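Below you'll find the structures, each written out as structure tokens.
Two complexes follow with chain A in common, the first pairing it with chain B and the second with chain C.
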Partner chain A sequence: MPVEIPVEKWAGKVNEVKLGGNGRKSIVIGGETTLPFLKIDGAMPHRPAIAVEVDDVMPADWSPHLIAAWGDALEDPAVWAKKAAEYGADIIALTLDSAHPERGNTGAAEAKKTVEKVLAAVDLPVIIIGPDVAEKDNEVLIAASSVGRGQRLALGNCVDKNYRSVAAACIADGHVAIAKTPIDINLAKQLNILICDIGLAPDAILMDPTTGGLGYGIEYTYSVMERLRLAALIGDKMTSMPMICNVGEESWRQKEARATSGVPATWGDHQERALAWEGITAVSLLNSGADIVVLQHPRTIALIKDAISKLMA
Partner chain B sequence: MSRFIATSAIRGAHSVIADAEATLKDALQKMGPETPVAFTSTSYFLPVIFGFTGQKITKLGDMPAALQHARSLLPPVPRDNLWLPYLGETLDAGVATLFAEEIIEGIRFAKGQQPEQYNGHKLNGPIDDVQMRSWGIQMVDGRMPGFAAIVGAAKSNEVAVEIVRQLQSRGQLVFLCSQSNGRSIIDQLRESGVDLGYDTFTVTFGTDTYSAVYALGYATRAALSFGNVAAGDIRKILLYNKFRCFAFVLALGQVDDIKYATAAGAINYGFPVIADTVIPNILPSGVTRYAHVVSLPFDDLPGKDDLEKAQRLVQRCVEIRGIKIKIAQVPIPVAYGPAFEGEVVRRENLRIEYGGKGSMCFELLTTKSLDEVEDGKITVVGPEIDAVPDGAKVPLAIVIEVAGRKMQTDFEPVLERQIHHFVNGAEGIQHIGQRDIAWLRFSKSAVNKGFKLKHLGDILHANYHNHFGAIVDKVQITLYSDPEKVKQLMGKARAIYSERNIRTAGLTDEAVDTFYSCSLCQSFAPTHICVINPERVGLCGAYNWLDCRASYEINPTGPNKPVAKGKVIDAAKGEWEGVNKFVYENTQMKTDRFTLYSIMDQPMTTCGCCECVMVLLPECNGFMLVSRDDYGMTPCGMTFTTLMGTVGGGLQTPGMMGVGKYYLLSKKFISSEGGIRRVVWLSKNLKESMEEELKAVCEREGVPDLLDKIGDGSVATTVEDLLPLLEKKGHPALTMAPLI
Partner chain C sequence: MALSGIEIYKHLPKTNCKKCGFPTCLAFAMKVSQKAIAITACTDLSETARAALEAASRPPIRLITIGGDSRKVEVGNEVVMFRHEKTFYHPPGLMIKLKDTAPLEATLKTVDEVANLVIDRVGLKLSLDGFAIQNESKDAATFARCVEAVKAKADLPLVLMSPDPAAMEAALEKSARSRPLIYAATKDNWEKMAELAKKHSCPLVASEPASLDELAALTQKLNQAGVEDLVLDPGPQGFSSSLNTLTQLRRLALKKSFRPLGYPIITFPAETTGSPEEEVLLAGQQIAKYAGIIVLSRFSPATAYPLLTMRLNMYTDPQKPIQMSPGIYPIGAPKPSSPLCVTTNFSLTYFSVATELEASGFPSWLLVCDTEGLSVLTAWAAGKFDAEKIAKSVKAFNVEASISHRSIIIPGRVAVLRGELEEELQGWKIMVGPPEAMEIGSYLKRYWTN
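Up next is the complex of A and B:
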């Protein structure tokens, strides 16, 4: 008996967002008219992209496996970024962690220098993430914004406390804002509306719905992302922004990725387990609609690259 | 439109253009068309001309075309017998003036005469792009409302300084230019030792009126940088400034034709013009959001001396432009924040109490017109705390008067109810109740830290601005602790409360054409939406129709949106086309119909926050209602918690519905099924706590003894026990039309 496969016809489309350009390599993400990788219903014109995290200071609490994998590169963000590019990163996600009041409290001047250095070191599109303290984010992101003028960086995080400043900088310098909200579809939508009200074009916004690692709320993240994507496909313009997920940080900070002793033998080899944690988190979130996953370990880059190719095939 | 102003402005425009034409002709002859022209460090050319036309002027030879365009905009000077010069013509004359002024300044730059050297100082001239972008970001994120372009000279040096200080304290940029009777405000400030420059938010443009065009060049560039607008798209540039840049022109001293003409140019951007001399007013709104031209003769301003008059002048400017105030920190001597809201002031630590048993205390918030309220005025009538002994009980009246262009009397109770929440935020201060049963207790530790009665005013003033700034522009508070006064005002307050009660009771679904939605719970119940109508409180009990309306005014992108009722489909069941459409679009297409008055046919859904669950008991031909705080078993065989699992999460379940307890009292309470007569079982705690109100409703519905016939958990927790009781008492539901 022939089986007719039911086809869902969606009215909406995820926005296409371009990063880079103007002398820098560019990449377009988004544009889906179907749920992730479900090509029967619609198109997925662009591959999800892999961003690799690069910090402006040597990470203090990273797993020895990450430190071993990157080696001396961790001491210099420019070297680190170059190495990430060699490993196959599509995008460099530069985190200005040293601006955090408790981790160095550096300011606009240092941020400018670091961003200049990294922009000069690689020709990939670049994401700049602040230290996650709204006031400091404003200071360093606005500095980064002027340094990268016209190179269509993505600036984050743009949250309810600072969205006006970040959005204004994006408008003035032609960047993309990363709108971050705490795992809530309404708040995500509201922030998009507010940012658009300021005058930033919808195709200059990425959403970070906030990610939980595997075993630490990933199912909740998954549902929120899935619903945001469903709303976009139904035709809600204010949830139609592509999504970015901070996979590496969320995976590597969990107990399963960190604990080396005092855990059951069945948990297996520590490094393999930690890598699996990052890999499974990334694949799960790609399946719930992530358009960019930010990763930390070189081996995960290769793994996810391969997974995306298979899912896209 | 004032004929006087129109005529002056058009005459002024003619003279500026003639000046520009002569200056340009001379410059072209002497310097040649290839002479470069550029303002200080900008990539926006001559920004006003660039913004309006997209034309990039880089040399003298580019100027004639722009000036011809300006000339073409210029209307003739109205003849004496023409009585109706158009506002449009005056605005065009203003634009022509700005073009001509910018050309003159451009030529001065080419000649090296700009920025101006004046009295041995170099004035700033136009603002460079780097500074414009830095301030531009602050304007977008709201730290800086806009700018004040001050033209002329103040009455005295002291007044000039006070005006500037007042503007600086509000985060407003101050642009300085021109003169009046040979004096410039730049002189006045410099003579008084005021530090002028980018660091102090004060920019000196020039000593003639032409240099005022730099203010509009700044505004134009701000729109081009931050408004996502292309050069030449002038409509968007002007609208951006009207709605985003809270700027105004303050003309100090005599206003001549050229000032009128330049001001007409500024009005195009939505910037109102305020003069401290007698000139005609143009009060209606239109191109500007509120008034266009306002005359505030300095000596007629209220205030005991010139300094107070200056403060008043700035306050009025801020109002006329509609600049909203934010108060970062509540100015009181104790800590303030949500952490202190639940605090209890116990007897051992009690310093003073207002109201409570045997005393009087009430709070009242009313609306006044804008000129009847002096923002931030806090008055204490009667003894302050230090004049009252320890542990005393004193009467108190908190009288709040607010004014705002978007304020409505219907919002008064919504705002008044916030007093509880606002006052409780202060450490060591406890607030209980509302209206005329309010009761405040101040702790010893708070009073020892210096907390006084007047600080209640500070708390309220700051909070109303911060939380309700969208509807409230001005707030003044009077605290009466004089017993006679409180007694006297209490009667007045009670009359107002009663008037409000009547108004609320009279607010029917038929009387409005808009309901409000609430999507607050979509974070966990994505396919649930509440539609809140005047005669049905939200199922959580927290939001009624008025609250939602106010919430929408305050935060249009928030969880409450207007729902147009649209065409009625079924008046008895409460079904409207508009509601259905809204529900369909906002429940991820899960629910396509909603009735507001029926539980059996397409009832409203529940998120999970409902105060009560209502369930059909088919054997009894009626419904039971169980409240959230009733933990016992119910006749349907399920407890409240188990029921929530069935009805919550946005599921539409005919025969089951989540409701707010006050819905029971509504005339629209399941009116489609017969209303309160259908209630056969009610949680005991609800029956007791709402006894009076329920009796009144039974009376109203013509079944005065109904409440006695309704079962509760103390007499029946199964249908088998309940039914005989209903039969014995003759419950009306048993003889009503069958529900199934």
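Up next is the complex of A and C:
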């Protein structure tokens, strides 16, 4: 008996967002007319991209496995970015952590220098993330914005407290804003509306729904992303932005990935567990709609790159 | 699926004889649809009507039980495509594959390790479910011996894997009482496997990699042969085909009520992946996307833990978030002089705070109040997280015995509680922490002095 497969036809489409260009390599993400990788219903014209985190200061409290994997590259963001490119990064996610009041409190001048250096070191598209303190974010993101003018960077985080200035910088210099909200479909939509109202084009916005790592709220992120994506496919323009997930940090900061001692023997080999933690978080969120996953460990980059190819096949 | 009152009414005698205790057949039908009374209370129901009603009210994905009384796995009976629509009910069984050609001693060592693996998480005990034993030797006696030895070591649910009905029969003789899952009936051996499944009352896998059409044809043959408890094996599935095929199967069951494919699905992620690391990733995907039984090719606690966590997370009821049990939790290895923070027992709130404390470099005490699983602001708004509740928790969990100082850090979002809390906790210093968990580290650096 022939089995008739139910097919869903969606009216909506995820926005296509371009990063890079103007002398840099460029990449387009988004554009889905189907749920992630579900080719029976519609198309997924662009493969999700892998961004690799590069910090402008040596990470203070990283897992020894991450430190061993990157070695001396951690001391110089330009070297680190080059190495990330060799390992297969599609995008460099440069985090200006040194601007954090507790971690150096550097300002616009240092941010400019770092961004210039990294932009010169690699020809990949670049995401710039502030230290996650709204005023400092403004200061360094605006500096980064002018340095990278025309190179279509993605600037984050653009949150309810600073969206005006980040969005204005994006409009002025031709960048993409990363709109971050705390695991909530309505807040995500609301922030997109506010940013669009200022005049930033919808195809210059990415959504960061806030990532909960495996065991630390992944189910909330997973479901909020599924709901955002379903809303986009039904035709809601204000949830149609591609999504970015900070997988690496949210996996490696957990005790399961970081702690080297004092954990139960039932947890097994540390490195194997930590890699599985980052890898499973990435695969799950790709399956719920991530268009960019930010990763930290070189081995995960290779594994997820391969998994994405297989999911796209 | 649940039938409406009208649909049930159609099958009733419509005589309004009142023997069921209701004034009319329609009134009775309404109660049945609300599950307030069983359909059998109608004394005049015809046999055909009863069969029709039963068939129509069967769950779209049949619930299958594997294992005996001591430990069992129940899979199937899912009702939604997305967990936010309701919830995923029956977490997939995670089974470790064993081969009957491996030295028995080594096999039994693995069995012992798997059976003893218990991971404590949020007060829950997480474990793997059992074993899939493969008749690699192609010898019936070897297979039976291995199954018997594994069962004697640990009475966990089993999948018996052999294409040979004679070997299956031999293994079932040793294990049928604990209802193993028989793997598998194919288009070549289905008649004999169906007989075994019936004889031993065990669930049976229908395995057909060619197409869903042929898989459906096979399950129908098995149904006709009298086997109802089936599990589907649509053949080896890589990342993409697993997602697409398993989605199609669930849609067919839920949206089309397509009975021939309304069964849980078994997967073997190692069959299509090139390394143990990749196998784990595919298994992780299959937990979220629709597998019922996942057979892992090897046992490693380091990957079992993240997979068990993934399963726990995906199968958490979105309407009933995991709650922490209230109490005082040491984060890191706190001393009596270490900081004391207070928060609610919503698991996500707890984890955000615990993670930041962990990362702050300040070993701390975290007092978790019973707010019925609500987050800080929601609990405060609902009157479940106030000064009185915090003070009571300080007393109830004997916090004063754990710490040498008398300072307590409250979440910045409920700064308003400070005054009242000073009243409730006489002699204490009430410190107002940051509004976001993320800022805890810098807050402690700035404000915490012993």
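One rule holds in what follows: the second predicted complex is superposed on the first by the 313 of 313 C-alpha atoms of A that agree within 3 Å, B and C clash if a C-alpha of one lies under 4 Å from a C-alpha of the other, contacts with A are read in each partner's own complex, and residues count from 1 in each chain.
Assume a contact is a pair of C-beta atoms (placed from the backbone, for glycine too) under 8 Å apart; a residue touches a chain by one contact, two chains touch by 3 or more.
Every value quoted in this text rests on a predicted model; they were computed, and no experiment measured them.
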Which superposed partner A:Gly150 touches (first chain B, second chain C, both, neither): neither
Partner chain(s) touched by A:Leu194 [first = chain B, second = chain C, both, neither]: first
Partner chain(s) touched by A:Tyr216 [first = chain B, second = chain C, both, neither]: second
Per-residue touch tally on chain A - higher for chain B or for chain C: C
Partner chain(s) touched by A:Ala313 [first = chain B, second = chain C, both, neither]: second
First, second, both or neither for A:Gly71, with chain B first and chain C second: neither
Which of chain B and chain C A:Ala169 touches, first, second, both or neither: first
First (chain B), second (chain C), both or neither touched by A:Arg227: both
First, second, both or neither for A:Gln254, with chain B first and chain C second: second
Residues of chain A that lie at the interface with chain B and also at the interface with chain C: 227, 230
Partner chain B, residues of chain A touching it in the complex: 138, 142, 146, 162, 164-165, 167-169, 171-172, 184-187, 190, 193-194, 197-201, 227, 230-231, 234
Touching residues (chain side chain A, partner chain C) in the complex: 1-6, 37-40, 61, 101-102, 132, 212, 214-220, 222-223, 226-227, 230, 253-256, 262, 264-270, 272-273, 275-277, 279-280, 283-284, 287-288, 299, 303-304, 306-307, 310-313
In the complex with chain A, residue positions of chain B that touch it: 133, 136-137, 140-142, 225-228, 240, 519-520, 522-523, 526, 557-559, 588-589
Touch list for chain C against partner chain A, complex: 82-84, 117-121, 212-213, 216-217, 220, 238-240, 243-244, 247-248, 251-252, 255-256, 258, 260-261, 277-278, 280-282, 284-285, 288-289, 300-307, 309-310, 312-314, 316, 318, 333, 348, 351-352, 355, 358-359, 361, 438, 441-442, 445
